[in-house]
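All chains are identified by letter, namely A, B, C and D, in their written order; residue positions are counted from 1 within each chain.
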Amino acid sequence: MELGIIGLGKMGFNMAERLKLAGHKVVGFDFNKDATAKLTASGSVGVNSLADLVKNLSAPRAIWMMVPSGDPVDQTIANLEPLMQKGDTFIDGGNSNYKDTQRRHAAETAKGFHYVDCGTSGGVWGLKEGYSLMIGGDSEAVDRLNPIWEALAPAKDKGWGHVGPSGAGHFVKMVHNGIEYGMMQAYAEGFSILKAKTPLDLDLTQIAHIWQYGSVVRSWLLDLTAGALDKNPTLDGLEAWVPDSGEGRWTVTEAIDLNISAPVITESLIRRLRSREENNFTDRMISIMRGAFGGHEVKKLDN
Amino acid sequence: MELGIIGLGKMGFNMAERLKLAGHKVVGFDFNKDATAKLTASGSVGVNSLADLVKNLSAPRAIWMMVPSGDPVDQTIANLEPLMQKGDTFIDGGNSNYKDTQRRHAAETAKGFHYVDCGTSGGVWGLKEGYSLMIGGDSEAVDRLNPIWEALAPAKDKGWGHVGPSGAGHFVKMVHNGIEYGMMQAYAEGFSILKAKTPLDLDLTQIAHIWQYGSVVRSWLLDLTAGALDKNPTLDGLEAWVPDSGEGRWTVTEAIDLNISAPVITESLIRRLRSREENNFTDRMISIMRGAFGGHEVKKLDN
Amino acid sequence: MELGIIGLGKMGFNMAERLKLAGHKVVGFDFNKDATAKLTASGSVGVNSLADLVKNLSAPRAIWMMVPSGDPVDQTIANLEPLMQKGDTFIDGGNSNYKDTQRRHAAETAKGFHYVDCGTSGGVWGLKEGYSLMIGGDSEAVDRLNPIWEALAPAKDKGWGHVGPSGAGHFVKMVHNGIEYGMMQAYAEGFSILKAKTPLDLDLTQIAHIWQYGSVVRSWLLDLTAGALDKNPTLDGLEAWVPDSGEGRWTVTEAIDLNISAPVITESLIRRLRSREENNFTDRMISIMRGAFGGHEVKKLDN
Amino acid sequence: MELGIIGLGKMGFNMAERLKLAGHKVVGFDFNKDATAKLTASGSVGVNSLADLVKNLSAPRAIWMMVPSGDPVDQTIANLEPLMQKGDTFIDGGNSNYKDTQRRHAAETAKGFHYVDCGTSGGVWGLKEGYSLMIGGDSEAVDRLNPIWEALAPAKDKGWGHVGPSGAGHFVKMVHNGIEYGMMQAYAEGFSILKAKTPLDLDLTQIAHIWQYGSVVRSWLLDLTAGALDKNPTLDGLEAWVPDSGEGRWTVTEAIDLNISAPVITESLIRRLRSREENNFTDRMISIMRGAFGGHEVKKLDN
């Protein structure tokens, strides 16, 4: 079938490729003309305006937005609306907050459009290995897109599902990312302990590879970690700085709103925040307290 | 080659089977005569005394101890010593504390024996899928056992390695288990959040299966979790009670000794402790404090 | 000077008393007629309608709202507005979210009213010991009320201050409560460890009293805790159940929004959530995972 | 009565002074001759050998050791033993691990000496405000020293107590310090959040002073914090570096051994460890994982 894709970055472009390889017609737009040219060169249809995107698709259209969460999604919808027809479908495949999704679903449904949310996991490996798709929305809209899901997922019947009403897809993806934070922190802490045990002179790369087979902690993340350690076994030259992209903190807030205690996912986020706090104020406060009650040394910055 | 195995429980028996299938001669001892009879029936040699175990192996012998950590290991060594000859090898394949292992290695080496430690992961699935083996000890002793490692591991060259001197195998296995605690807690928290979001009526089993393919959080643990949810999707009737077997708490203590901050592994252990605290005293203390400063209700147990 | 007070509960009534003792005229309203009668009996003016409240105060009026946060504040403002005159002042002395406060300040200012926020700490002890007051709002409005602050605080020049623009008072009070959560959890954990060390047979009440004098951990909370342990030294019969009233969770969310890592305040909240989760789902998930990979016992609830 | 003191540092010297002011005879030893000269100048007896220390005390002697925990205590005992007589008493007033204390108590008791442990809190303020004393040991030995406890404590009947058998004093002091870690972290996090809320331009010093009176979080630590902020309101020039002296980590380990979940005390320790990890390895591990699965930027150190 036909699919429009808006946003041909790391994720969007590869998804277009995977759909094309499965025999679907993809029309792709991006503000970056190199990206659309590359899409055209690869055998799909790259266009440089939303109007052209819509024109190149037959109704009822399905347009997949793969743009940063927040305002860009609202802006894209606003720009598309006048070009689209009732019965067309918006798909938000990015990492939107599920509450925004539910708001947009209500608004677009009222205008006669369909609105589907798809939490999309797989990163830069999705082209080759397929994407894990967590889909929310009305059944009519979701079901009509089955060929798309089946092509993007790792297999026709694996790695995708309609998980619930509007917002459910993004909610499940949000939690997925929260779990991802916790797993990454657990592995990273373990490797730090191994590295710190200097008398044993352990080889982290060797250990990562051993664990890939037969161990309880084997996983795709561990496979990638072993590969990354092959290239940089000491992590020399890297900065201890970890961003977070929104879904981790939404998971933490949501857990609190639901009265669910989620200490490990929360702590994983907190450590990312900590990685970005320079000359940590909390530690300095503790330092002056120790100085005040016990006369302990308050360390000063070197000049 | 030949291997003696002491301890034919869930792990030991399956290891014997996997070795036998690879063409090795296994002589197995257990206090449980049913287990040794079963081993014999399966084509290996089950014996009912350590003397018989030693007699049935040619020197230099290698004897794998698969017994609970702590005193049982010391006791087994003490019972075996008079029966063995210089040049024979003890292998501790259980979850011993690496400090005990280093102590035993020093003592047995001084007496002319070899002492190898092997952290063994794979659980009840090892017979079929192979075991991940993290091996510590002197190269002479470890290398001589290569056929054993190659047979137990998932493949001749995968999933096993000599990671360092005595204790290194158990140290790495200890950290492996610490990571395992963190991963389990991360998944479990995520599923709790999904379940608590009642308006979306999410199907945890479906989601676990979706994530198995193409997602960033795919792992062997997730595969098993999906399978377990197939059998009991609601977890009704289960108790919220999680034991810990030693390696998690050793990892936490070791991290502190090494001055490494490992909050997620630590918190995962703490939550297991919490699961076993009945009518939590800490919470009751907070309750009386709230009553004392703010006149807030102090809840009483129902009679 | 004159002050209207709406809400004569545990906090509001005592504040009225303290103001009266300092020579101020207090007019108090509550839906509970017993409370207003009691106020009148005590020498202040209890009234049973907002109209009477306003009538009994001379312009420019100052009316202190001591009502639950959220809708009750908005409702109270809406009901008061038609009765009040330009130049009158609303004071929100409750635990409102500072964002609501800033919204209300903007709305009321636009209508010609003043709007002051006052974070009020001191609990049921404030009548006797005075209240700690963290005040936000425009200087004109705040300064005019100096006699009120001086009367409510522990002393004319102690325990109160104009900390910033609108919302600042409630923001500071929010963080105050976050700290309070952390302190309570720290004490409670310590007492739990003492109690668990059964071979030493420690007397928690005795220890709390020792720490009250000369120790680094002495505090008002500890004084109250010692007093509470005097009355119930074992905490027998109490339920391990701890509510949270909003400000703790706002502090946690705010810290994340500000990219500040606040693990201890956060964990203190998480433990309160945990205290209210029955037959914890997270623990049950971990239990089935352990069963799945290691064949470990999955505990069932007793029937 | 008479008391020998070994170790005239910040704590020991002030304790000698406080005892002298209460009318007791103090004989003090230190390796630092300036300290002993200063003690003599102040009206007590400073000596430069343990032999002189013992000679200047009448039997049965009581000798208070105020030396670093660990080997220095064992060494001091070994040096004193040949000089002392049966019936003399050792007092360990430092921060020894209670397990060491119990071992020493058993050894010294077997040799006919008394051995008392005294957890001592109060820091550099003890001379003026008195020390909080948590005393463990046999009643005969402890009771005989009542005049000493009464003089050191904030008042004859306040701030000290015989809390249990040998080790109990140091155990209670250990937990006291664990609580102290948690309280400090809670305050410090709160002030960090206040500081980060830049639009409100909050004055941390003002707020600390407000909270000193009437608030739920008032405490001696807060008093000291307010004073420290008076001197350095921005903490400019200080390093975010926090040592830990042993008792925090013992509390954490002990909680685990007792199967008590103590997340806040534990996290407070972990944050101190974190403050001393340079270019955190855990964060760098997470960074390469993010790069590996999502193509996210892996930040490099500036040259």
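Everything below uses one rule, namely that a residue touches a chain if its C-beta (ideal position, glycine included) is under 8 Å from a C-beta of that chain, and two chains touch if they have at least 3 such contacts.
It should be emphasised that the depicted structure is a prediction, and the values quoted were computed from it without experimental measurement.
Enquirer: Taking CA centroids for every chain, report which one is farthest away from subunit B.
Expert: It is C whose centre lies farthest from that of subunit B.
Enquirer: Please state whether C-D or B-D has more C-beta contact pairs across its interface.
Expert: Answer to which pair has more contacts is C-D.
Enquirer: What's the distance between the Cα centroids of subunit B and subunit C, rounded to whole Å?
Expert: The answer is 48 Å.
Enquirer: Between subunit B and subunit D, what is the separation of their C-alpha centroids in Å?
Expert: For subunit B versus subunit D, the centre distance works out to 39 Å.
Enquirer: Taking each chain's centre as the mean of its CA atoms, how far is subunit C from subunit D in angstrom?
Expert: The mean C-alpha positions of subunit C and subunit D differ by 33 Å.
Enquirer: Two-or-more-chain contact residues of subunit C, please, as numbers and ranges.
Expert: Expected reply: 123, 185, 187, 189, 192, 196, 216, 220-221, 255, 259-263, 267, 270-271, 274, 282, 293-294.
Enquirer: Can you list the subunit D residues touching subunit B in their complex?
Expert: 216, 249, 252-253, 255-256, 259-263, 266-267, 269-271, 273-274, 276-277, 282, 293-294
Enquirer: Report the residues of subunit A in contact with subunit D in the complex, numbered from low to high.
Expert: 10, 123-125, 184-185, 187-189, 191-192, 195-196, 220-221, 224-225, 227-229, 232, 235, 237-243, 263, 271-272, 274-275, 279-296, 298-301
Enquirer: What residues of subunit B sit close enough to touch subunit A in their complex?
Expert: It comes out as residues 121-123, 126, 129-134, 153-155, 158-161, 163-165, 167-168, 171-172, 175-183, 185-187, 189-190, 192-194, 196-197, 200-203, 206-207, 209-222, 251, 254-255, 258-265, 267-268, 270-271.
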